Amino acid sequence: MSEQQPQPNRGPSDLQVIGFVVILSFVCALVLAVLASALRVPQEVAQELDRSEQMMIAARVFTHEGYFQIQNDKGEYVPAKYAGDGRLVAGTEEDIATSNEILDVYKHRFIPTLVDGKGKTETFKEAGIDEEKYLADYKKSGYYRQPEKLIYKILPNPTNGKGEDPQPIGYVIPVNGFGLWDAIYGYLAVEPDGETVIGISWYEQKETPGLGANIAEESWQKEFYGKKIFQPNSEGQINQKTAPVGITVVKGKVAEVLGTSPKAEAAVDGMPGATLTGNGVTNAYRDVLAAYRPFFIKIHDKTETQ
Amino acid sequence: MSKPTAVSYFKEQLWHSNQILVAILGICSALGITNRLSVAITMGLSVTFVTACSSFFVSLLRNVTPDSVRMITQLAIISVFVTIIDQFLKAYMFPLSKVMSVFVGLIITNCLVMGRAESMAKNVTPFPAFMDGLGAGAGYMIVICAVGAIREFFGFGQLLGHQIVPQSWYATTDAPFGYENFALMVSPPAAFFILGGFIWIYNIISGEDHP
Amino acid sequence: MWMANYEPINLFGLLIQAVFIENFLLANFLGMCTYLACSSRLKTANGLGVAVVFVLTMAGTLNWFVHRFVTGTGALSWLSVFGIDASGIDLNFLEFLLFISVIAAFVQVVEIVIEKVSPALYMSLGMYLPLITVNCAILGACLFAVTRNYPFFPNLVYVFGSGLGWWLAIALIAAIREKLAVSNVVPAIKGMGITFIATGLMSMAFSGFTGIKLANPSGGEETEEAKAAVIEQEASPIAKS
């Protein structure tokens, strides 16, 4: 290999060059492969943690500041802390959750299931679909486009007794759309009445920082609390079978554009300078929620009869 | 040993041959990613790590690298270190890696890294090469952090995510003449203007003529 | 895989988007270094621009194949032809290394071919080719195209358009710099300083194109699905009662 002594016309022979390149490539690939396998688990955990946090933010079980939340008797949201086994008890804002606590609460309280085109729920096992494969394959194209659509049941905060099948206190729908620059992915959590929003989150977006990227900020997301996903008619009633579905991000402020019209219940303020991102959000909700309409009707009817 | 010389490599890179302001290298990431100070700091640290380590290894292999594959070798070494950084960010700083996305990969073609490998690392011994790379990265980091701080402060009223400009100063519908964030700072052209300004200041201070 | 649900009109929209709206240099800031170093004369800038268009189009396409068949998720499933089930193997960590190697190798091959085939072309163009290997725009366009998961033809249009946009930007700034060189500029800001400011102004001008959405696939299945949902549950009240 010490061919660098003054060689008037030729450097190392071709074979030596090829040998060098092959060895170098092999060493590089080896280093990277070792690193990648070593870091695979932390990476998957990090991704799962991020997704769990975002889903729990949408369901108002977790906050942007890093602590859990529960509802007190008056229905207000107060800080909470982890008490083992997926349970949350009242706490303070200082009780910042750790990664394990977050993953544990997620595991206990958020159950992925499928709904079909008629609104009937079934588990992955009953539908004969491999959960991991389904989650990976359709993330980009959108679960709402599949005949069996992904939805997450939100189970209530477990109390001490080992319960029977607890009734869900809400559902989380994965939302796909297209913002100004690129695809946006988020969650929308809806009450068991099938029409009131619990909360939203956007976990993947490449919008303009300071403008469109505000959709990931708490200050804008809290506009969605208590909004309706169906547009009320002029008397303020919702007919889930015929009303337009989706939440509209208006240009400007809802108070100025819609005033006291009942339609304001399905609209939120736009972000100045980010109209197009707002339009992307509107379209996303409209397209995705339309696919779940039969399901909303079903659970609404169930709540009515109770 | 060559300790004084090695340290002088470091100092040289910090000011006299500052990669951004003098050699005008490494601009792409300086513009694309200096919206927020936290991102700028992460980028600066990543580039410093990559430059220092790759310069070290390029220098280590300088006597056995055939001339015809010199550039590919440098690129391969640099990509290994960039992949290392990328994998670490994805594992331990996931939200930040989402923001930085492809810009981490672009460190590979960051002219700064290649420039150091090509002009310095293949000519000197490993330790000075390492210090040179470290200095280049540090000089780069100082400049982009300055740009990032200015952009975040004027564009968001924050630094490192903490609100600096008091919320009460902001204009609302009741007080329409209050403070408004300088929205231009958030968009890319502002980075051009700020860098142009820095070059201007640098030229005035160092009194040199850089055509 | 070749076209998915992109219509030809979407391809045209994608081209416009890549050249003007998401101009690689003025909106994404990639490829700045070579741009700043070589833009003092229009002739050099043109030469560089043509070289970038060529390399970017070819390398972008080659890297699409690399991503599709080697480093993407589930990319190795074609090995099932040989009876090996490799769909679970994830080689994503090799992506940077492979992409840059493909680019460097391609540029090297092109340089050799040009030198043999047309010495005249080599004289005018050949010296830029090594510079282009490390042009962030090349690697950047390949990586951007991969994150957006374009099918083959949209990918081709996208990388071609990105190259064109880069050429446009460098030609514009070279023309401006030629004029600036003979104007009265404050000494300390002469050269690089004023170039930065001029580029910033150009970038502001180009940001006026934002929001023109031409390139989204408009091919048809998803609208059917949404409609079907509404029709079905409209039918059901009758069925129920």
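We just call them A, B and C in the order they show up, numbering each chain from 1.
Everything below uses one rule, namely that a contact is a pair of C-beta atoms (placed from the backbone, for glycine too) under 8 Å apart; a residue touches a chain by one contact, two chains touch by 3 or more.
Worth saying up front: this structure is predicted, and the values here are computed from it rather than measured.
> Identify the chains adjacent to both chain A and chain B in the sense defined at the top.
Where chain A and chain B share a partner, that partner set is C.
> Farthest chain from chain B, going by mean C-alpha coordinates, please.
Comparing chain centres, A lies farthest from chain B.
> Where are there more C-beta contacts: B-C or A-C?
B-C
> In angstrom, rounded to a whole number, how far apart do the mean CA points of chain A and chain B lie?
From the centre of chain A to the centre of chain B is 33 Å.
> Give, as an integer number of Å, the spacing between the C-alpha centres of chain C and chain B.
Comparing mean C-alpha positions, chain C is 23 Å from chain B.
> Where the CA atoms of chain A average out and where those of chain C average out, how many Å apart are those spots?
30
> Which residues of chain A are in contact with two or more other chains?
Counting only residues that touch two or more other chains, chain A contributes 28, 32, 35-36.
> Give the residues of chain B that touch two or more other chains, as numbers and ranges in rising order.
Residues 72, 76, 79-80, 83, 87, 101, 187.
> Listing for chain C: what residues touch at least two other chains?
Correct list: 93, 97, 147.
> Across the complex, what residues on chain A touch chain B?
Against chain B, the touching part of chain A is residues 1-2, 4, 11-12, 16-17, 20-21, 24-25, 28, 31-32, 35-36, 39, 42-43, 46-47, 49-50, 204, 206, 208-211, 273.
> Can you tell me which positions in chain B touch chain A when the two form their complex?
So the residues of chain B in touch with chain A come to 35-36, 63-69, 72-73, 76-77, 79-80, 83-84, 87-88, 90-92, 94-95, 98, 101, 155-156, 181, 183, 186-187.
> Across the complex, what residues on chain A touch chain C?
Spelled out, the residues of chain A in touch with chain C are 28-29, 32-33, 35-36, 117-119, 136, 140, 142, 145, 178, 180-182, 241-242, 276, 287, 290-294, 297.
> Chain B touches which residues of chain C in the complex?
Residues of chain C touching chain B: 27-34, 36-37, 93, 95-97, 100-101, 104-105, 108, 130, 133-136, 138-140, 143-144, 147, 186-197, 199-201, 203-204, 207.
> Which residues, counting only chain C, touch chain A once they are in their complex?
Residues 22, 73, 92-94, 97, 147-149, 210-211, 213, 216, 221-222, 225-226, 228-230, 232-234, 236-237.
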